Structures are given as C-alpha cells and as structure tokens.
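To keep things simple, chains are lettered A, B, C and D as they appear, and every chain counts its residues starting from 1.
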C-alpha cells in the first residue's frame, strides 16, 4: 500500500463520520455509555476494596505480659515487636493505663470500677497490623517471644470472617467487572455492526470497482477508532470527574476513602484503550462480513 | 480476451440464467449483447467480474481462468475491467467527482492525476456542472453517466457496460455510444448489453443475442433483430 | 386533472430543475413527457406525488391544491396515483408478489381480492414465473415490470410512469405501452416520461417537451423530436 | 384502520424479523444484555437492602433494673415490655445469669473474674427491635416505666451511624438503578435506531406508494415489541435463575439472605415490561424520523 494512502484513508474516515452523523453519534453514545458503566464498575470495585482494606487495618492483637515480667523483658519485647514488618503500629499499655481504661469503661457502675486493684490488670502491647491476614503469623512470632497462647488476644474469628468476606467480595467485584467488560464489548460491537450493516451495499460496490479488502476496510476501522476514542474519552472524563467529586464528598462527610488507591490517569487510559480497542476490532470484524463479494 | 466455455449459471432459487454458453471475444473487439429482459445479459457481466461463480464451465479473462484466481487477487482482476452497472452502483456518500475518483484511487494513482483526470472525464459525459452533486441529487440519466465515467476513467483494457443508455435520451445516448466507439478504437475491448435497437442497428458491430440463457445468434456487423 | 401553475422548483443546492412551468392535463388524457437527461421530468413526477414541494407556484391534482393537503392526508392523495419510479423503488424484503400486494394493502383491500389480483397483474407484465422472487433475484427489466405492475394494480385514476421501459427490450416495451394505452382507454389519466423515441413517434399521443426545466413544446399527437 | 389489518401487521412483523435476522439478533442481544444489567442492579440493590435490614435487627437495648427492684416490679415491667409492638424479642437476665456471663467473659483472667460478687451486677432485660430506628421511642417508653437514663444501654451511636449509612446506601442504590435504567433506554433505543436507519429507504418507499404513517409504523413497532419481549424474557429468566442460584448458595455457605425480600415473579414481569416498553417506544420514535416523506 502506498504511503500517501493514509492521508486518503483519514480523509475518508472523517468525511464518513460527518456524513453519517446520526450513525456516528449513535455509535459514540453507545461507546460512551458502556465505557462509563465499565468505569463505574472499576471504580466501585476499587473503592470497596479500599474500604475493605481499611476495615482490616483496624484489627488489633493484644499481648498481655505475665504479672511477673520485669521492665527489662518488657522493653526487649517491645523493641523486637516494633521490628516486625507486619505491624504498622504498636502501643504499650502499662498496668496503670490498663486500670485507667477499666475505670473509664465502668465509670457509670462504680461498684465494678472499684472492684479491681492496680495489681489485677496486666500490662500489654497492642499491635495494629498492615494486613489482618498476617495475624496468625504475628501470633506465632509472639509465642516465640515467650508469650503463652492464653496471654494473646486476637480476634481470629473476626479476621477469618473478614478474610473470607473480603475474598468473596473481591472475587465478586472482579467477576462483575469482567461481566461488564463482556457486556460492553457486546453492546458496542452490536452498535458498530448495525451501523456497518446499514452500509453493506457501499462495501459491495467498493469491492466491485476493484478495491482490495484493506482499501475498503481501513477507513471503516479508522472510523471505529475515532468513534471509540471520542466515546471513551467522554466517558473517561465523566468517570474520573465523578470519582474525584465522590472522593471529595466522601472525605469531608463520610469516611476516609483512600483516593490514592485509584490512579485516575491510569484508569482514564485504560478506559480509552478499551473503547478504542472495541471500536477498532468491532469495525474490523463487522466489515469483514461484507467483504466477501 | 474473454472466453466462456460451456458456462451454465443456475441461481440459488433454481433460476437458470445461462445455459451452456460458449463465446469468445478477442482483444479490441466491440460486441453488443442483446436479448429480452431476463435472458441472462447481466448474469454474463457479473460472471466476468467474478461477482458470481458459474455453476458449470469456466471463464477466462485476459488469459486468466477466473476459477483459479485466489480471493485476494480478485481486486486486481477487477481493476482490468471497467464496468457500467445496470443499477449504476454509485456510492451514495460521495459526490459525482469522488465516485469517479474512487475508481482511480483503488489502483493507487497519484492525487494529482486524479484531480486533473476526473473533471475531464465528467465533462466528456456532459456533467461538468455536477461534479459536486451527490448521487441523490442527480437525475437518473446523470447517475448513469457518472457510472459510465467511472468505468473508463482508469482506462482499463476491457470495458463492460450493462445497459449504459437505458435512462438517457437519444441524443445523449448517441454521444455515449460514440465515446464507446472511440474507446474501442484505441484498443479497449468493449462489451455492451443493450436494448437500444436503433443504436445496434446503426453501429453495425458484432451482435451476440441471448434467449433464455442460450446464445442464439452471433453475427459480425449484425442488427438488433434477427435478419433473415 | 393535473395542473401546474407557474411552478418553479429549485433544489437545495441551487439546481434549478423546473422554471415557471404551466401545464394542464385533463382527465383521461395520455401525455408523453420528453426531454434530455436532467431536464426536469422526474422532478415533475415527484411534485405531483407531493414527494417534493414546489419553490414557487402551485399544483393541483384531482381538483385539490397540493399545497393545501395536510400531512396526514398525503397518503390518501398518493393512493389516487399509480407511480412507476425511474429507480423502481421496490421493497427489498418483499417478493415481487408482495411488493405489488403492498400497494393494494395500503388502500385496505380485502386479502381475497389481493390474492386473486396480484398474480393476474404480474402475469400481464410477463412475470408469472417470478411471483416469489425478491427484487435482488430479478433482472433489471423484471424489477421495472414489478414496479409497473404495482403502479396500476389498484386501478388509480391517474398513472404516472417515469421511464417505464428504460430497461426493457423493444418487444416487452411495446407490450407495456399497449398496456398503458388500454389502461388509458378505460379512463385513467396517464403521464409517461420517456426517452423511447420510437414509442413516442409510433403512438402519436400528446407530447410535452422539457428543456432545462422549461416546457418548450406541447403538441397533441406529436412526435419525440421537434417536427418543423 | 380495518380490523383484519392486525393479522397483516403481525405477519409483516414476523416476516421482517426473519428476513432481517442479523439486525433482529443484534437488537435482541442488546436488549437482553441491558435488561440483564438492569435486573442485576435491581437484585443487588434488593439484597443489600435486605442485608442492611438484617444488620439492623441485631441492635439490642439493655435496661438494667435498680438493685433494689422487687421481683414483682420486674415481672410487671417484663410483661408490659413484651407488649411493645417495636420489640421482636425480649430476654430477662437475672443477677445470677449476669454473674455467669461475667465469669465466662473473663474466664482466662481469674483475678478479674473473681473480683465481683453476685450482688454487684444488676438484673436486666435485653430487647431486640424490629427496626433499629425505633430505639429512641422504645427508650422513651422504658423511661416512662421507671428506668433512669443511666440504667438504659442502647447503642444510639451505632444506630445513628447505621441509619445514616443505610440511608446513603439505599439512596446510592436507587440512583445507580435509575442510571442503569437510563443507560439501558439509551443503549436499546440506539440499537433500534440503527436498525431502523438501515431500513429508512424502505420506509420512504412505503410512504410513496400511499401507506399512512400508522400503516408503516405498526409493523416496526410490533417488531420492536417482539424483539423487546424476546430479549427481556431471556434476560429476566437468566436474572431470576442466577438470583435463586445465588440465594441457595448464600443460604448454605454465607449468611442468611432473605429470599422473600425479592419477588422473583414481580421482578421478571418488571424486567419484561421495561424491555417491551423500550422496544416499542424506541421503534415508534425511530420510525417517526423517517416518515416525513
């Protein structure tokens, strides 16, 4: 194919977009709507995963020191625990602090509050984990530090439940996203197929006057590319804008949504790439059907 | 140049369009194809274009057996053929000039050549005022002339024209026939299917007559009707 | 029956198709409309059908001013007109018989009447073997005859035919013209745009000639060309 | 319009569906996919609302009896509380039971467990509510029974949070469903518009041979109806089937999903109605564009 053909093909594509305005607009809106839904699915998925991760971070392991633990042992343990990579934060709760907490908890029931003395409650460290799924491993390490199982307090049940729920949720979100992707591909390529179907006679005529398959196909594929690009870009802009609006709103009113967990630029590029790809592939295969003249 | 060997064409719905046709057209000939409506003229044209495959027999054009041309070389084959279609087959989204230009562009000709040649050719068929009109903005006869212009703009060695003057007034028809005659004179093989009795009778070229899909007459310097 | 009063038609792209046309066609007349390609014949037909509106002047058909017909009564107006279109305008998804039947169905005729009448009419135009063929399976001339059959199947008081024999061989053309003649004899007003010089010369009906959108000749029992 | 026309119109519609198979299939798949997404949105919405309602049912109000409350007062209060319409379940916790619970809670810290005597912990009633939003009202009633505010323990904060979250969630789900509905309408009517665009010449011809607008339109509208019906029915069946599969799976493995909260039959009818309506309206308006001949 001659190199100057590309100019010809582009002019053809742009001209056709203008001339078949109704069809172009229809294909573009279809692409935009589908990509928007897909983008929304990706976003919701990312946000929910972020929230789930947040919830996980609240899991605490408490390790009670034996009553006879010396200050030295405690200091040693503290410094070694602070070195655990799984631990994001560790707090030492002394006997006095434990008692203060106890009293505060039962402040409206003075009988109970005063029922324990300062020597009853043990000192402890409270550990926040980066990932709740590590709690088993951390407990193991703590045991090797000399803690007995009875002195460790970690909500294994809660963590297990959470892991289990998180696993399902992430899995469900992935499945939903993939289903949306498939639906988008189907819907967009359907629209493209219909718009090319409306022009099948033209394709036939082109072939009959001696155009090669590539020569016929290229302007259609470019048209699909431009339609996909416009539709997907519109959608991507809307999705990213809606996302940042949501994050702003959520951060000031609701709960902290980790906005870093979503790479807006990457998301936009992905959505545009998906739209363009479907546009190009859809046009390519739809035209092919009618090239057999 | 164009040879039909025992060609039979039966359409899907069992309509027999051509039956055992044998015909040889040499390079540089001018042949009229006549016959009643439905006798198989267009079917012959479509077979030459390889738009259809024959049910039996084989066809060769320009020394190549059509049955042996692989799919991707079909466009090359068609670029050797200028074709005026009975139903014009213009591209509705292109102007008259663009339609004609398209036939040059598929052969990869330079833009400059296209720009100078297209208006000339359209002028030749009397459409110099309609360069930028879309097919929907042209009268029947004007569309037909665009189709004619497209067929010979890239000066193919073979020109096949299916009823090229069906929607033209006698005067314009004569002009077109003279054009075909001139094209034939510079060496192009011309095959014209027509119902224009006057034209055939006046021009006295080779006449092939079809009747219900069979060649019933083949006469050099013949007339439209059978002359005893 | 059909009156043009100072009718001018300028298309959107400033193409002047008709200029100040005055013409009266009385009930029961048979009129040939002749003129070079692009002289405005089809435009006149389309104006009569109210497919287009004139730019100036007015047209009345059957005693009704077309400009005054509200949109929802346009179909009723068109049912008074049988029309053979230059480009046939057949419905691609209907067989020959169904296409013809459609013109009866729009007028709400009984299924039984449709069933008996359609094959008769198609037989009359020589297509009794093609009842169930789709337009894509018909030759050019066959499609044209389906269009003709559709135009007069519901026996409208006015028949307008745009180039009805452009793709028909002389013999079939004569048959069609005889048909039109017979139809005219039973009282139908007939207007035929044609390029068929032989036919016009032989039939000696009223001839209206257009040239670049103007009526340049209007002669009872005239010929195709200007006879001095 | 003559009554026998309906037979004609139906025949026309069915014939066209067969002849324009590619277009019909495309329109039907588009409808099916969109209605499926819509159905999924409705279902997810219903399930989440169900789950939210379930979570709400776990809210407990505890009312502690004064230490000096006589058995008679307690019995009176119990029977009157059991009559509250807002309360789904009430449990009496005697002093002994309270102590047992205490001991169980601190079973691994015997010092604490033994630090309270049987006379420290008060008796109480625990109330489960039908709707957590009623907790304020119930607390009010309990106060009028003679309980002091300090003796009432109800997680106003949790309930408020929950109400607030539930409110947002339900609102978000409704918005999402409506957006999906709009998207579906757009996508389906786009597909219909394209398929009718491909046949605009036919519509023109019909008008030119004298067909009235209604005569031209009716078969197209019936076609749209049949396409919508087929597409939406397919989708509805898939959605309802998927739902019952999910509910079964969830009930045996996960958590109890209230399957009664979703009226499968009603959902199916709704989805089919939506599909048919869009099909009919889409065809109607798309054809209208080309009737102006």
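Assume contacts are C-beta pairs under 8 Å (C-beta built on N, C-alpha and C of every residue); 3 or more make two chains touch, one makes a residue touch a chain.
Please read all numbers here as calculations on a predicted model, not as lab measurements.
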Inter-centroid spacing, chain C versus chain B (mean Cα positions, whole Å): 28
Distance from the mean Cα position of chain D to that of chain A, given in whole angstrom: 25
For chain A paired with chain B, centre-to-centre distance based on mean C-alpha positions, whole Å: 62
Graph class of chain-chain contacts, one of line, ring, star, complete, other: ring
Interchain pairs in contact, sorted by label: A-B, A-D, B-C, C-D
Chain A partner contacts - residues on chain D that touch it in the complex: 22-23, 26-27, 29-30, 33-34, 36-37, 108, 111-112, 115-116, 120-121, 150, 168, 180, 183, 186-187, 190-191, 193-195, 197-198, 254
Interface residues, chain C side, partner chain D - complex: 49, 51, 72, 74-76, 78-79, 81, 83, 85, 89-93, 102-103, 105-108, 110-111, 150
Chain C to chain B touching residues, read off their complex: 11, 13, 15, 34-38, 41-42, 86-87, 126, 133, 137-142, 144-145, 162-163, 166-173, 195, 197-198, 224
Contact footprint of chain C on chain D as seen in their complex: 1-2, 4-5, 8, 15-16, 19-20, 202, 205-213, 215, 293
